[in-house]
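To start, the structure itself, in structure tokens.
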Amino acid sequence: MSDEWLTSLITPEPQTGYQLAIKMSRMGVKYTQPSDEIRKKLRPGYADNADSLIASAQVIAVNFQTVAAANNYWRE
Amino acid sequence: MSDEWLTSLITPEPQTGYQLAIKMSRMGVKYTQPSDEIRKKLRPGYADNADSLIASAQVIAVNFQTVAAANNYWRE
Amino acid sequence: MSDEWLTSLITPEPQTGYQLAIKMSRMGVKYTQPSDEIRKKLRPGYADNADSLIASAQVIAVNFQTVAAANNYWRE
Amino acid sequence: MSDEWLTSLITPEPQTGYQLAIKMSRMGVKYTQPSDEIRKKLRPGYADNADSLIASAQVIAVNFQTVAAANNYWRE
Amino acid sequence: MSDEWLTSLITPEPQTGYQLAIKMSRMGVKYTQPSDEIRKKLRPGYADNADSLIASAQVIAVNFQTVAAANNYWRE
Amino acid sequence: MSDEWLTSLITPEPQTGYQLAIKMSRMGVKYTQPSDEIRKKLRPGYADNADSLIASAQVIAVNFQTVAAANNYWRE
């Protein structure tokens, strides 16, 4: 996690911005639980749980707000 | 999911903006659980659960904030 | 739900804006669970549950942020 | 609830703005559960529950964001 | 609680702003449950519960957004 | 906790801003539960729980919104 993974919030278009928001959301989890092994073990538990999926979508939505504002909403 | 599904945040009016917010919310779930089969299996569980529905409405509300800001709130 | 229900975010004053935020919150639930019958069945379960009510108020608060910004907070 | 209770978001100072945010949060609950009797019955359940209190504080915080922005943060 | 506790959102630097956000978060709880005795009784329950702590941090984060915006992010 | 830990919201680039958001999120927990010992005891409980991890990522996302806005999104 010493890698550079967030050098810019600017993306060419909304969908790449959305993918960046997903990346940011996953990194929030990864910084809190750095073990790849444990995160992998937890995956089935939340990926098969509707409430966890909705909560994940909420985190992505908040991060996408940030990315979209950074890009002036890719207007024009 | 390699498809283009989010080419612009601009919509002609608020209601199409709201529908885009719903789409964005669903894609947040889909990126986290890409299996159509599993998501379909989970659907009855949350669509019949009041708290899950409220949580879904929360995600839509956050995404709609982004879309509405992008469109300058469709003022005039 | 093909009806026009969100033609504008502009309202004459804050309270009608708040009512629009409630409408938007309910539509978020309705798009996720379109069956009137099921939603009616779920109503007692959440309307008598304090945490569900607080979560509902949270969704309304987020939607009201959007409506209030759209109206420049009804300043002057 | 046909009463006028939200005629303006402008308040003379931050603390009255905070009180307005509390009022807005309570009205969000009241519109969802209009029965005074049921809301009164639910009160002990959440007022003695730490997680419900934190969730209530979250709703107030979101509403206060709106009120504070409306008042330009009462700067100078 | 008739005391003046929120006379301004302006603070000299980010950290005092963060402390104000904590104060605002606590007051949100206090307005909902005014009894010092009950709040004190609840404290061990949430201060020893990871999810309650994370939820508390979420409320502080939202309030800090407000305080930071009020101070133009303390950009000299 | 009388230490200076938040002297500025300005960071040279997005990733250091993201790390500041993590720090701010952790301090929100720390101010609520100041005992290092108790927080250490709670750690396995939430770091191995998918929903707690998602909730943590949500707090980081909100704090990152603040840091990103403070830095004008590190544009150009």
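Letters A, B, C, D, E and F mark the chains in the order given here, with residues in each chain numbered from 1 onward.
The criterion applied here is as follows: a contact is a pair of C-beta atoms (placed from the backbone, for glycine too) under 8 Å apart; a residue touches a chain by one contact, two chains touch by 3 or more.
In this text, all values refer to a predicted model and were calculated from it rather than measured experimentally.
Q: Identify the chains adjacent to both chain A and chain B in the sense defined at the top.
A: Common contact partners of chain A and chain B, which must touch each of the two, are absent.
Q: Starting from the Cα centroid of chain F, hunt down the chain whose centroid lies farthest away.
A: The chain farthest from chain F, judged by C-alpha centres, is C.
Q: Nearest 5 degrees, what's the C-alpha rotation angle taking chain C to chain E?
A: Between chain C and chain E, the superposition angle is 120 degrees.
Q: Same or different: do the copies chain E and chain F touch each other through matching residue numbers, with over half of them shared?
A: Different-residue interface.
Q: Counting only Cα atoms for the centres, state how far chain D is from chain F in Å.
A: Chain centroid spacing, chain D to chain F, equals 27 Å.
Q: Could you please state the distance in Å, as a whole number, between where the Cα atoms of chain A are centred and where those of chain D are centred?
A: Here chain A and chain D have centroids separated by 31 Å.
Q: Hey, what residues on chain E touch two or more of the other chains?
A: Residues 46, 49, 51, 55-56, 58, 62, 65, 69 of chain E touch two or more partner chains.
Q: Make each chain a node and each touching pair an edge, then name the shape: line, ring, star, complete, other.
A: ring
Q: Put in order round the ring, from chain E and then through chain F, what are the chains?
A: E, F, A, B, C, D
Q: Hey, which residues of chain A end up touching chain B in the complex?
A: 13-15, 18, 22, 46-51, 53-58, 60-62, 64-65, 68-69, 73-75
Q: Spell out the part of chain C that touches chain B in their complex, as residue ranges.
A: The touching residues are 4-10, 24-29, 31-33, 38-39, 42-43, 45-46, 49, 51-52, 55-56, 58-59, 62-63, 65-66, 69-70.
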